[in-house]
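Okay, handing you the structure first.
To keep things simple, chains are lettered A, B and C as they appear, and every chain counts its residues starting from 1.
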């Protein structure tokens, strides 16, 4: 069985954001899925998806600090600079974190660990709403 | 056909560890699978899974050196420090390497390249045993 | 329905290369797939796959600049140096970008965003041709 939906994550400021509930609401219904996989794909090259700690806002803040340190806007080697100083670093960050997640589904729910939540990683200063394709295999 | 199991990777010291055999033993049996996909999901936010060179222990040691250099415990921007200096870097490293792998299965075995093996990346000083959900689609 | 093929990406110089058309030509035919997933696996530990901006060659050039800065050949901590200065950094870069992609398929085509294309990331100076296993679930 395979089902597919497309949904939109609302516009957020640059940074790392917990979006587990918004993703589950937009994805195909998991309630009847005994065992399966939910695949998420973000249709953009300057935002990404990852899974990490779902409790402390400081974790998400520290992700943003680290990624800005690891992919500095002020690096002298950027040549793709037409769209602003946040653009080329956003492309790199998007590939670092990755455009997709494949999540296990078990007993009608995401089989995440206790502390795991889905992050939208918004790498642009003004990224706007982000479109996600969700595909359920069960 | 879809099958799912959950298994535990035994506790290991901080570093990168070759766990291909332990994963195959814990996953659904691949022996009858002509073609398929094996999805692995680690239910933690401070350990991760990747695939890399399966022969030289120095490769795994150099991964640990690099990741400590790229995500330094001594960075001044960490705010999530309650759980020790290895904790917040472990969260970042976990997302860098990623919480999951989707591996091709062919002719009853993982269709990895000759030099490819599965790594457990343990990012905490004392991470303990790690739980993995394995889902086979065939 | 599950189909699997293996194909070869032609030898390319070190750097990031747009290979969307070559991948679609080598993968199982997507033309009749209403909704599905295409999984790609590179059978190597010194090359990788990612998705990013498909228009400007400077984006791909800047990826190469950044990855060389983030994983420097001149780092003093490398111990796996037998196969040349580009080898161990290539292993790290391969895990950073990742050995696989799982792409949504919709209406007979990859459901990528307007600006998304598939990159082969060649991390060796002379990597040669690269083998890819493509698995379609529909």
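As a working rule, contacts are C-beta pairs under 8 Å (C-beta built on N, C-alpha and C of every residue); 3 or more make two chains touch, one makes a residue touch a chain.
All figures in this text were calculated on a predicted structure; none of them were measured in a lab.
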_Which label fits the chain touch graph of this model best, line, ring, star, complete or other?_
complete
*For the sequence-identical pair chain A and chain C, what is the superposition rotation angle on Cα atoms, to the nearest 5 degrees?*
120
*asked:* Given that chain A and chain B are copies and touch, would you call their interface same or different according to whether over half of its residue numbers are shared?
replied: different
*In whole angstrom, how far does the Cα centroid of chain A sit from the Cα centroid of chain B?*
20
*Return the residues of chain C touching two or more other chains; collapse runs of consecutive numbers into ranges.*
70, 96, 98, 102, 137
*Touching chain A in the complex: which residues of chain C?*
35-37, 50-53, 56, 58-59, 61-63, 65-66, 69-70, 96-98, 101-104, 106, 111-116, 119, 137-138
*Would you pull the chain B residues touching chain A in the complex into a rising list?*
2-4, 39, 41-45, 70-71, 75, 77-80, 88, 91-92, 94-96, 98-100, 102, 131, 133, 135, 137
